[in-house]
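Okay, so subunit A shows up in both of these, paired with subunit B first and subunit C after.
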Partner chain A sequence: MSRATLLVLADGRFPAGGHAHSGGAEAAVAAGRVTGAADLAEFCRGRLHTSGLVAAALAAAAALGTDPLQLDEAADARTPSAALRTAARKLGRQMMRAARATWPSAELDALASARPRGAHQPVVLGLAARSAGLGPEDAAYVAAYESVSGPATAVVRLLSLDPFDATAVLARLAPDLDRVAADAAECARRVPEEGVDALPASSAPLLDIGAEAHAAWAVRLFAS
Partner chain B sequence: MGAGAARRLDRRVSVPVDTGLRAAARIRAEADGRGISRLPVLEGEGPLAVRRIRGAAGQARVALVGAMSAPLGGDRLTVTAEAGPGARLDVTSTAATLALPGRPKGPAHYDVRLSVEEDAELNWAPEQLISAYGSELRVTTRAEVGAGARLLLREEQVLGRAGEQPGTLTSRLTVRCEGRLLLDQELACGPGAPGGWDGPAGLAGHRAIGQLVLVRPELGQHPVRARMLGELAAVTPLAGPGLLVTAVAPDALRLRRVLDEAVGVVGG
Partner chain C sequence: MHLDHSHASDGPAALSADAVRPDGRRRALRIGLGGPVGSGKTATVAALCRALRDELSLAVVTNDIYTREDAAFLLREAVLPPERIMAVETGACPHTAIRDDISANLEAVEDLETVFAHEGVGPLDLVLVESGGDNLTATFSRGLVDAQLFVIDVAGGDDIPRKGGPGVTTADLLVVNKTDLAPYVGSDLQRMARDAKEQRAELPVVFQSLRSPAGVSEVAAWVRERHAAWTAA
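Right after this comes the complex of A and B.
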């Protein structure tokens, strides 16, 4: 594995469309549940340990070579919100385009033709990591970090939050990120023996409810 | 407190103090071919007593009777409910399930296994599960739904009794339809749960959480439209022949109201 390759994949400027999504932060801000840096920290912590962990485990499993279609089905079952499934597939499709251009592989091609409208983003991310020669921990780290960097960046725009404060929130989450990435990779390693049920299914009720509320808005800054 | 005292006595008599109690209930309904569902299996024990009650015409209806306060720490309770081909089974409970701290250290386990065979119908709607302060309970609910079968599953979880801090509760709900995974969802809350569970992404101070899962063959072709039910509940189509209502509320009473309303909206 190459640390430089990991930086390319994890770069917020990697052209995979993530900047258009707030990870539920826009709905939480509108509902008054996130009003500043302290709320953002708790929001990110909650998201990291739920949908972040699930995404990291899916990505790690894909990086290990688990059948991506099986993982895509596992992702569907772990994403009860229709709005979030739509967002995950849209993001997966954009990630697929970027990944095929960056690290072309037969496995990416196969998934792209099996899921022309997009597979779940963490599955594509994991397969992209695999194509780039990265390992399951790398994929888990990228997915886990994305689960919090997206909301943090969005809240800077939504609340005019000081970007220094938002970055400090992310920095303080580093121990949690380490733990989530390690747990995710460990779960992914159990998949060959135990099947995809070994992957976590953690959920955050207000993320699921907020996603449906947000999808019904006529005008919004972020796609999800 | 009578039930609690009886329970402690029962423990002393029949169960080593540090292992907790094991109890199982088994319910199986079968259609008799003339439109009537019978209950060839109806067994319970200890805190999981079962009783046949009057149901709708042709339907078998069973109540789980809270014979003792359970589960306590270390206990392991299992309920199996099956509706055989074409059968109609409705399972409810007479009282809330109260998770309490127990003498043995370690979590209590409550496992629910539901099976809805071909063209059968199962309604699973017990009273609330209340997670008392100091308790640690792990719930798993697994439902297998066969071809043409219908499932209504309703769960209400309340964190802490009135004015009390919550216990530790993890609950994993898995629904499979004709062998294919439809829903896999885990919720962890209370002391020791991963950080942020009560923050703006998780519960944001709400103390009651509810879920309503509906599996109907026709929902595969005609999925429900996602929509809000008030500010704190949403109905969403699952990726298959089902829908899910997720709700949070400040307390059990308001949760009950929003889920009752949801049943009306989605046609439970």
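Right after this comes the complex of A and C.
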């Protein structure tokens, strides 16, 4: 694997639509659950170990070559909130466009044709990593990191939080990120034997509830 | 026929601003409207729709920052049927959505094109993309639009053309709107014209008031020319 390629895919400026999403942070801020850097750290830790882990495992499995359509169904089953399923497919479609432009492959084209409205973002991300010559750990790292970097950036905008504090939150999460990425890749390796049920299905009900409420707001800064 | 395009008709969607759609047809002309908050972008879009809708098949993509007001305004004014208006959410960064990460806007534009390609009413000729009101550096990526208008107004200060910035200097058409307000805010239109000329050399500038009888007609004529050139290419 090329470490430089990993940096390109993991770059927050990779043009795949993430900037318009807060990863649940906007809803959490409005509900008063995130008011500063300390809350942000807890919010990110919770998200990382629940939906972050699931996303990382899906991405790792896709990077290993698991059938992306089967993974897409597995992602649906692991996303109880309709609003989050919609957001994940929207982001998946955007990731697909960027991936096909940067690391074109027949596998990406096939998934784009099979899911023209978008597959779940972590699945597309994993397949993008595969097309870029990256491995399951790499894909898991990118998905896990995105699950916390998105909310951290959003909270800087939503609360005018000091950007240095927000970045320090992410830096302190590094050991957790390492663990989640390793666990995710390990689960993904069991899929050929055990099927997609080997993938984690942890969830954060408050993120799901917040996402449903947020989708109905008339005025909001972020799409999710 | 464009031989340099290899998309099969049933292949996956286009990547960027490819001039030919996956089905092999030349796509609609895409024109972006950017400019500071409140300068008259939505009003110009509405006026353009009224001026052009009988001759061109039109659609509009709006990029509201935290509401759906622009789309709602266009719907309320009934300048186009609702299925021709689509709103994109931009996550507090309107310039990102038109320049650095254009995927959401591309998808909106392509979805509109696809719907009309399939609905029997005939394909779209023109898609207008309105950016959320932003600052003087916000410009559209060439990957998203074929041409862009930058709309400023006389009430925002008559020194804006002098200050320049990418929008003022590089837009394919600079529109200085609300000339009817110049006497009330003490803006010197001649000076604005001089400064704009200096910043833009040969690129065109239109001064307009949407409250005057001439309204959007000069801008509409420019759009017509662009469209003629696009279809002839």
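Heads up, the rule we're going with is that the second predicted complex is superposed on the first by the 224 of 224 C-alpha atoms of A that agree within 3 Å, B and C clash if a C-alpha of one lies under 4 Å from a C-alpha of the other, contacts with A are read in each partner's own complex, and residues count from 1 in each chain.
Keep this in mind: a residue touches a chain if its C-beta (ideal position, glycine included) is under 8 Å from a C-beta of that chain, and two chains touch if they have at least 3 such contacts.
Keep in mind it's a predicted model, so treat the numbers as computed, not measured.
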**Request:** Applying the touch criterion given at the start, work out whether A:Thr66 contacts subunit B, subunit C, both or neither, answering first, second, both or neither.
**Result:** neither
**Message:** Applying the document's definition of touch, where does A:Asp197 land relative to subunit B and subunit C: first, second, both, or neither?
**Reply:** first
**Message:** Quick one: is A:Pro116 in contact with subunit B, with subunit C, with both, or with neither? Answer first, second, both or neither.
**Reply:** second
**Request:** Based on the superposed arrangement, let me know which partner A:Ser147 touches: subunit B (first), subunit C (second), both, or neither?
**Result:** neither
**Item:** Which superposed partner A:Arg157 touches (first subunit B, second subunit C, both, neither)
**Value:** second
**Asked** What's your read, subunit B or subunit C touching more residues of subunit A?
**Response** B
**Asked** Is A:Val219 touching the first partner subunit B, the second partner subunit C, both, or neither of them?
**Response** second
**Request:** Pick out the shared contact residues on subunit A: the ones touching subunit B in one complex and subunit C in the other.
**Result:** none
**Item:** In the complex, subunit B residues that touch subunit A
**Value:** 172, 174, 180-188, 194-197, 199-204, 206, 209, 223, 226-228, 231-240, 244, 246-248
**Prompt:** What residues of subunit C sit close enough to touch subunit A in their complex?
**Reply:** 10-13, 15-16, 65-68, 89-93, 96-97, 100-104, 106-107
**Fill in**
subunit A residues touching subunit C in their complex are 13, 15-22, 90, 93-94, 97-98, 100-101, 109, 112-113, 116, 154, 157, 218-223
**Contact set on subunit A toward subunit B in their complex** = 24, 28, 31, 33-34, 39, 42-50, 53, 73-74, 76-83, 85, 176, 196-197, 200-209, 211-213, 215-216
